[in-house]
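The data blocks that follow each hold one structure.
What follows is a pair of complexes built around chain A, which joins chain B in one and chain C in the other.
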Partner chain A sequence: MNIQPGAVVCKDSVVTGDVTIGSKTVIHPKATIIAEAGPIIIGENNLIEEQSIIINRLESNSDSGKKRVMIIGSNNVFEVGCHVEALQIGDNNVIEMKSKVGRDVCISNGVVVSCGCTLETKETIPENTVILANGTRRTQLERPAAPTSQVEFLTKIFPTYHYLRKAQGTK
Partner chain B sequence: MATIIPVERVKYKTNDGSKNPLCYLYFCRYCLNLKSSDMVYHEIDHLYCPSCLHPSYQREGFAKKNRCEQCWQCPFCSHTLSVRASSVLVPDEQDPQKTVPKKMYYLSCSNCRWTTRDVTIPDQLTGTFVSTPLVDPNVKRIEEIIDYFKYLAKHEKQEIDRKRATTRRKSYFGIPDKFGLLSKVQRRLSRTTLSATNLISQSSFDFNEAEATENVEALPESFYSQPLEISQVATMAQRLADPELQPVLSAELRPLALQFRPRFSRRCRQCQHNVIKPECSVSVTKFRIQMCALLHVPEVRLLEQPNLLAGQYCPVILTLTNLSAQEFHVLLSPLTPSDPEISAEVVVPQEDFLIPPEHMTMMDGSGNGDLAPVQPGSVGVLFRRENKVGIAVLVKPSVDKGDIIGSFLLKHDYVSTTLSSSKAEGQEEEQKVSWLEHPVVVNFGRLGESSC
Partner chain C sequence: MELPKVYYEKASFMETTSGNIISRQSLICGSQNMIFGGKTVVMPECIFRGDLANIRVGRYCIFLNRSVVRPPFKKFSKGVAFFPLTIGDHVFIEEDCVINAASIGSFVHIGKGAIIGRRCVLKDYCAVAPGAVLPPETVVPSYSLFGGDPGHFEEELPECTEAMMKQATVGYYKNLIPSSKVEVSQ
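Here is the complex of A and B:
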């Protein structure tokens, strides 16, 4: 586990395997990040909320020897209860509550996956798409805002209420 | 309507022959009968905006096209739009070198994240968005056609009046003026006949009739050569939701004014008395008159799915609940099956029993002590709880498969207080006790199914 200085990772979260967490990323308690089939690299300024599950799942059938790297970019928000197995996630995305993103999906930048949506098929979601729960999709002109203000607030508040995992490079 | 218990199992029959669960029925205390939705008039009491709760009456709403002036609807998903503010750095008025943050407002949908910025509507300085009315290119032509129609209608009316005047004049000619009324009649007739002023009105109208042509514009080349971007085209529902503009592309979608919703008052068709009347204030959920059947008639429910065997008398437990403020004397009696879908015989207890209202009984459940125990295979009162009575009945299915449906008659007393006018003291309340009968139809389920 490689936690960059500036990242806030609560001890109550489940982080197993080779996980790299970039600076200014906040990981809430009860979040789950499991790197089974290979390493997970998480970028900067992300917000991973409670009960969200990010798994680089080990498939039992073929290519069990191959290592697959899951790369998550910056400024993403993983809201409460989401389940993400996608190997490639870009920047400025919002994965809303209780949505599920399967392994074969490739999410580019500025994508909003609405509450309760399920994405299972093999596809690349184009930029700035909003996917609604009933399947309709929309392209918006602006990307979703980065969670900077929330990340700043939580960076100040979390140390007073939760135990944090120590970052690399700090005493 | 989503319900916790399956309300469709027990239905009450109303005088129009329809069967409905008790929660869908009204009770008219003047006719002393259950009324279904078809037996009442549904009148609009007033309109209100579902978002800002601004009330308005029908005429006022009609002038505003039944739409709110302040609240907006997302054109993409029909959710209510909320006003969001963003601060923009604007050069200061006094010092052009400095930039000052200024609040600009835009509309945003919390459901699908559509914003007015997506369709390049500029942010506004104030929080209230006002709609800009569209100019219809066909308005001039439509007004021309309406004027021509009015002109034709006027001429036709004049023709009819002329004919009527000449026939009338024939019949009154030569009658001596005995009672001095002829002058009055003549004056009335002169109003309908062609007067000089009427004749002067347009004798001709300059109107261009529409010309039919066979030449139709060809489809532009882009339809054949360019691939279709589905995400850029508005869906049919989105297009028809805005009939004024009918946007084809999703970049043309604009926020729609939120439509008013009506608040109904219901009136019995037979006696014209109100059955439901809401309060004038929109935010109050109480009613002035609330004659829902649940509050005036004991409610029959199936306790659990019974285990039914064809051709045998099977025990079934029904519960009767009293949600009214008065104590009910209830008597169940069998009903000769006149409905073709009745497929079971129901044996009900012959004695009458009481169902007290809520909060009137002892909380220690002593009501159950003086009940005679019901033998298995017979009918009677099984248990009592506050305002609920459990009855054991026997059901004998007469078919092999399908839903087993039985019916019986529910008789109960009802104390009605109606206002009666008496000449001496004005209106006074009259209490009348009457026995009401309601045919109840119960769907007992299928053979062999049991809840355990």
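Here is the complex of A and C:
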């Protein structure tokens, strides 16, 4: 596990396997990041809330020797209870509460996956798309805002209430 | 109609002096900012984020498994602040809910898997259907049932909602029996 300086990772979170966490990323308690089938690289300024699950899942029917790298970009928000297995996630996305993103999906930049949506088919979501729970999609003109102000606030208060994992060290 | 008796393992729950029964497997962050009114029940794997802002919970509230109670945040020009969250008395919150509301009144029933958006206001005597998704800043008026995604008004609740919720919450609390006591009686 490689935690860059500036990242705030609670000890109460479950982080297993080869996970690289960029600086200014905040990982709330009870978030789960499991790198089974290969490393996970998380960019900067992301917000991973509690009960969210990010898994680089080991599939039984795939080549067992092949390592798959899961790359998550910067400025993303993973809200409470989301379940993410996608291997490629770009920047400025919002994966809302209790949504599910399957392994074959490739999320570009500025995508909003609404509460309770499930994405399972093999596809690449174009930029600035909003995916609603009833299946409709629309394109918005602006990207979702980066969670910078929230990340700053949490970086200040988390040390008071939580034990944090040390940066830039292997466990 | 009597509620079924629910047995809990005495060792895995804490019981406070005011009668709160809180599971040891739940996560209560910032417990110094949390006020439980008394006789509330918190089942395993619930998450209360008292570290973000104050959370005040009333009497006879029931939080079933895996519910997440988080204060909502508001963006200001100068930054972000998390607002205190108040929950009234006799509130029944079922499993897997996510609550980001600004305030929840008394005698409220939140169904299984509901998602209450940021800064929502739930007035007294209302209900949220299972699986509902309330968008941010929804106001749920009294005596109404909101459901669906996005949450909208579904039907009106009867005037006896207060009595029903009181009976449900008090009954659930009374029927929550520690399993070690059962062994003694046998």
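FYI, the second predicted complex is superposed on the first by the 168 of 171 C-alpha atoms of A that agree within 3 Å, B and C clash if a C-alpha of one lies under 4 Å from a C-alpha of the other, contacts with A are read in each partner's own complex, and residues count from 1 in each chain.
To be clear about the criterion, contacts are C-beta pairs under 8 Å (C-beta built on N, C-alpha and C of every residue); 3 or more make two chains touch, one makes a residue touch a chain.
What you are looking at is a predicted structure, and each value in this text was computed from that prediction instead of being measured.
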Superposition on chain A - do chain B and chain C clash or fit: fit
Comparison of chain B and chain C by chain A residues contacted: C
C-alpha centroid angle, chain C to chain B via chain A, nearest 10°: 40
First, second, both or neither for A:Val112, with chain B first and chain C second: first
Partner chain(s) touched by A:Gln140 [first = chain B, second = chain C, both, neither]: first
First (chain B), second (chain C), both or neither touched by A:Val130: first
Superposed arrangement (fit on chain A Cα atoms) - minimum chain B/chain C Cα distance in Å: 5
Set intersection of chain A contacts, chain C complex versus chain B complex: none
Residue numbers on chain A that touch chain B, as the complex places them: 112, 114, 129-130, 132, 136-142, 144
Chain C to chain A touching residues, read off their complex: 27, 29-30, 47, 49, 51-52, 66, 68, 70, 73, 75, 79-82, 96, 98, 113, 115, 131, 133, 149
Residue ranges of chain A in contact with chain C within the complex: 12, 29-30, 50-51, 80-81, 97-98, 115-116, 133-134, 149-150, 152-153, 157-158, 160-162
Complex contact set, residues of chain B against chain A: 76-77, 111-115, 117-118, 120, 231-232, 235, 250
